[in-house]
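First, the structure itself, so that you have it in front of you.
In this document, chain identifiers A, B and C correspond to the written order of the chains, with residue numbering beginning at 1 in each.
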Amino acid sequence: MSFRNRMLAPLLVLFAAAVGYPLIYSFYLSLTNYSIIHPKTTHLVGADQYVRAIHDPDYWSALRVTFIFVICSVLLELCVGMALALALQRQRWARNFTRSFLLSPMFVTPIAVGLMFRFLLNQQLGVIPTLLAKVGVTYDFFGVDRALFSLVVIDVWQWTPFMVLLLLAGLESLPRQPFEAARVDGASPFYTFRRITVPMMSSVLTVAVLIRSLDAMKVFEYVYAITRGGPGTQTQTAQYFIYQTGITFFKLGLASAMAYILLAMVMVVIVILFRSVERAKNA
Amino acid sequence: MTTAVASPSDERDALLDQGVTGRSTWGIVGRLLLVAAFFVVLMPFVWVILGSFKTGAQLNDPALLVFTPTLDNWREVLDSGILQAAGRSAFVGVTTVTMSVLVGSMGAYAISRYKAGGGATRFGILAAQVLPPAVLVFPFLAISFTLHVNDTLIAVIAAHLSFVLPVVTWFLIGFFDAVPRELEEQALVDGLGRFAAFRKVVLPLVAPGIGASAIFGFVLSWNDLFYALILAPGSAATLPVRIAGFNTFRGVELGAMCAAIVVSIVPVLIASFFIQRRLVRGISGGAVKY
Amino acid sequence: MTGVSLRDVVKNYGDVPAVRNLDLELPSGQFTVLVGPSGCGKTTTLRMVAGLESVTSGKVLIGERDVTELEPKHRDVSMVFQNYALYPHLTVRENIAFPILARGGDRASAMARVDEVAASLGVGALLERKPRALSGGQQQRVAIGRAIVRQPQVFLFDEPLSNLDAKLRVEMRTEILRLQRSLGTTAVYVTHDQEEAMTLSDVMVVMQDGVIAQMGTPASIYERPQSAFVAAFVGSPKMNLIEGDVVDGVFRAPSGLLVGTPGVRPGGVTLGIRPEDVLLGSRADGWEQARVEIVELLGPRAIVSLEAGGVGLTAVVEASELASVTEGSLVPFSVRARALHLFDAGTGQRLA
């Protein structure tokens, strides 16, 4: 076997075992009525599970909740992240310390972050509602029509640093000269930002948004830690709903079908991401 | 009389002062933003750390700042086997990362130098990093039952490989890309075989990148709840699963929950200092080129 | 000592041919330079000799050995790259010792040899430094040291001087030549700089589009280029090339310029005149007049751009003869009689 293939083989084998095989098996599961309690009674049921999933209003509700969550989080993270990245780029003193501290939230275990904010935002025992009450504001963070947005805020707290990381790397790799030329040409900061920084960063921005969106779609820990899907099904995200279907209700076949439909949607985003990354590399 | 010509670093400093957006009024806004961000990040940590030292009664007053600390919560948490859970998390992390680095570095080298597999491979690696865990977890569960490894760390390691291996490989491809090809060619002409050239000339130069990817992969594995919760919820629980177990809203146990959170946070804060510098350099210089 | 042979070598990258049916015999102990514009296949050829590129078809021999299928480490060659390719994580000493140690050589004798080589190249004081602490010229010497430490059968150079500034380049050129002469090893050198090729080579191989345009001593190539391409490529400033037709032994350019070309067959012809063969005369000679457009003084000589008979000509003139030559003035000019190069207008090949 050629050198190249010998180097590649272990990776391919491990990849096939850890990713490829489960992927195929998952598809198989989605075509069955597998139950953990009675594995021997499994048999193929064709596209039944898919039909069931598509006709399940809760499933669509979960997709919608996830969609709203992703859009709100990523947009906020993009704006705040960009502002922070710009601020960090020009910072001169205590650079490393500031950066490592501000980037730290993205490394904390998400379940811990979820519990942390549950602790902070709880109506009775959380410090923030207490402080707000002192100024006369009553805001139930996890009440009806509020809970999802609170989860968005938690996501923004934890993952804006990730956005900052990517954007900062992009900013620092930009060449200096176009900006010097803009200075000489008398451009205002806004104008420079709009016409030079953003266009030159377009590939970074695209990749950052896509990666973060794909990550945000997987949101689970915050729901598990705080709202468990409630109030009602207002924070029942896709991954949480699938988890419930499969683990709480033991319907692995249905859960797999739901997961596969989700995967199909995610694939579209992945393909776009891949094309952007390739284009960015060749630019 | 004019002063001596400004050195290049002076000019660069002046430019940095204005940053890429221009004038220095924005400097003040930027600084305010950073201070605000600092507090926003700091406050939850501080509050949880404080909470871990409070008794149930003290916790009933959420805004309490001055109090007599107690170590009861910490005793309870440490007795609960949380350190063992942390040890299991570390074991899973180290095993997963080691396998990923060994296998991934060779594969990444083949992909970087020989374009092995072409676009399909790169696509596959990227896609594997961002797959929703919901898709893969049920097969892992079913298989772990069949093989009688359910609720063991083996199942967790296998599941973690499914996302750590692609991430590590992806980063390494970028780092290998950054090493000039001529160095290996020189080594070949100088008398090394191809694997020896890889090992003795290329790997030392990629070492910092391997370090950064390894730490990143470890953190990903350390923080996973979804797979660990489903595949090993019981006696082989990892740290995140244990912490989820502290989820409570009885005042009595709230303090213990805080302590558990702190146990999870502290090692991560330390790790993030080391990663931060490498990652920024790695991403801008190696992993993904813009 | 051993020569290098390429027998009917073809190299394709997918569908794109880089080297076509190359037959090349590089004499043992000689300094051969492969020269040509970028994309002509010279570097590909060198890399095939090194074993860094596979051969699509054909054979490569070093001495009597067929090395076509051999890995670079078994070919007993050494190579100096354009960017020196010094191992950044090793000291100068370890860099130079690398070829010996990589092949399992004994450490002590390797180090002794390194000291020898370093002394001969004047880098003895730098042995404990890392490459990033060295200047370009010093890195170059270390790379050369690494190439000669093992005394291989063939030296290969891939544009090693392109990254140096002009003055250093000329110095290193002489050093490389001196080195090769004293060691007597067969050397193959690739460059796109025709001046480097002319000064270094015992044998010069001009390549174009994957084939050999002309091969020979520098003098023979300079004095009798076999094609318009080679004529234009070798020599600086570039040879004057004028398109036109020969009718009844007289060359006529479309602009009206006439040059006597007795005995030349009628038809389309490209006329070549080297700038140093364009003579500028004084008022007394009854020659044709040309208008001086630009004079570029180079010290002992000057490049004069003329416009004559509707055609632009370049002349090289001794500085001492510049008295009557000023920009804008008219000056009599002529062409040295036996200095005309004639090429077929269609094929570019030399006519007699």
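Brief remarks on what is shown
Methods note: a residue touches a chain if its C-beta (ideal position, glycine included) is under 8 Å from a C-beta of that chain, and two chains touch if they have at least 3 such contacts.
Owing to the predicted nature of the structure, the values given are computational and were not obtained by experimental measurement.
Central chain assignment: B. Criterion: smallest distance from chain C-alpha mean to the mean of all protein C-alpha atoms.
By number of C-beta pairs in contact, the leading pair of chains is A-B. The geometric centre of chain A is 58 Å away from that of chain C, both derived from CA atoms. Note on chain placement: the centre of chain B and the centre of chain C lie 54 Å apart, centres being C-alpha means.
Chain A and chain B, compared by their mean Cα positions, are separated by 15 Å. Residues of chain B in contact with at least two other chains: 194. Here chain B touches chain A in the complex through residues 12-13, 15-23, 26-27, 29-31, 33-34, 37-38, 40-42, 44, 47-48, 51, 59-60, 62-63, 99, 102-104, 106-111, 113-114, 116-117, 119, 122-124, 126-128, 130-143, 145-146, 158-159, 161-162, 165-166, 169, 194-195, 198, 219, 222-223, 225-226, 229-230, 239-240, 243-244, 246-247, 249, 251, 254, 257-258, 260-261, 264-265, 268-269, 271-273, 275-277, 279-280, 283-285, 288-290, going by the rule given at the top. Those residues of chain C that touch chain B in the shared complex are 50-52, 71-73, 77-79, 81-83, 85, 87-89, 98-99, 102-103, 146, 150, 156.
By the touch criterion stated above, chain B contacts chain C in their complex at residues 180, 182-183, 185-194, 196, 201, 204-205.
Across the complex, chain B is touched by residues 3-5, 7-8, 10-12, 14-15, 17-19, 21-23, 25-26, 29, 34, 36, 39, 83-84, 86-92, 96, 98-112, 115-120, 122, 125-127, 129-131, 134, 157, 165-166, 168-174, 176, 179-180, 183, 187-190, 192-193, 196-197, 201, 203-204, 207, 211, 214-215, 217-218, 220-221, 224-225, 238-239, 242-243, 246-247, 252, 255-256, 258-260, 262-263, 266-267, 270, 273-274, 277-278, 280-281, 283 of chain A.
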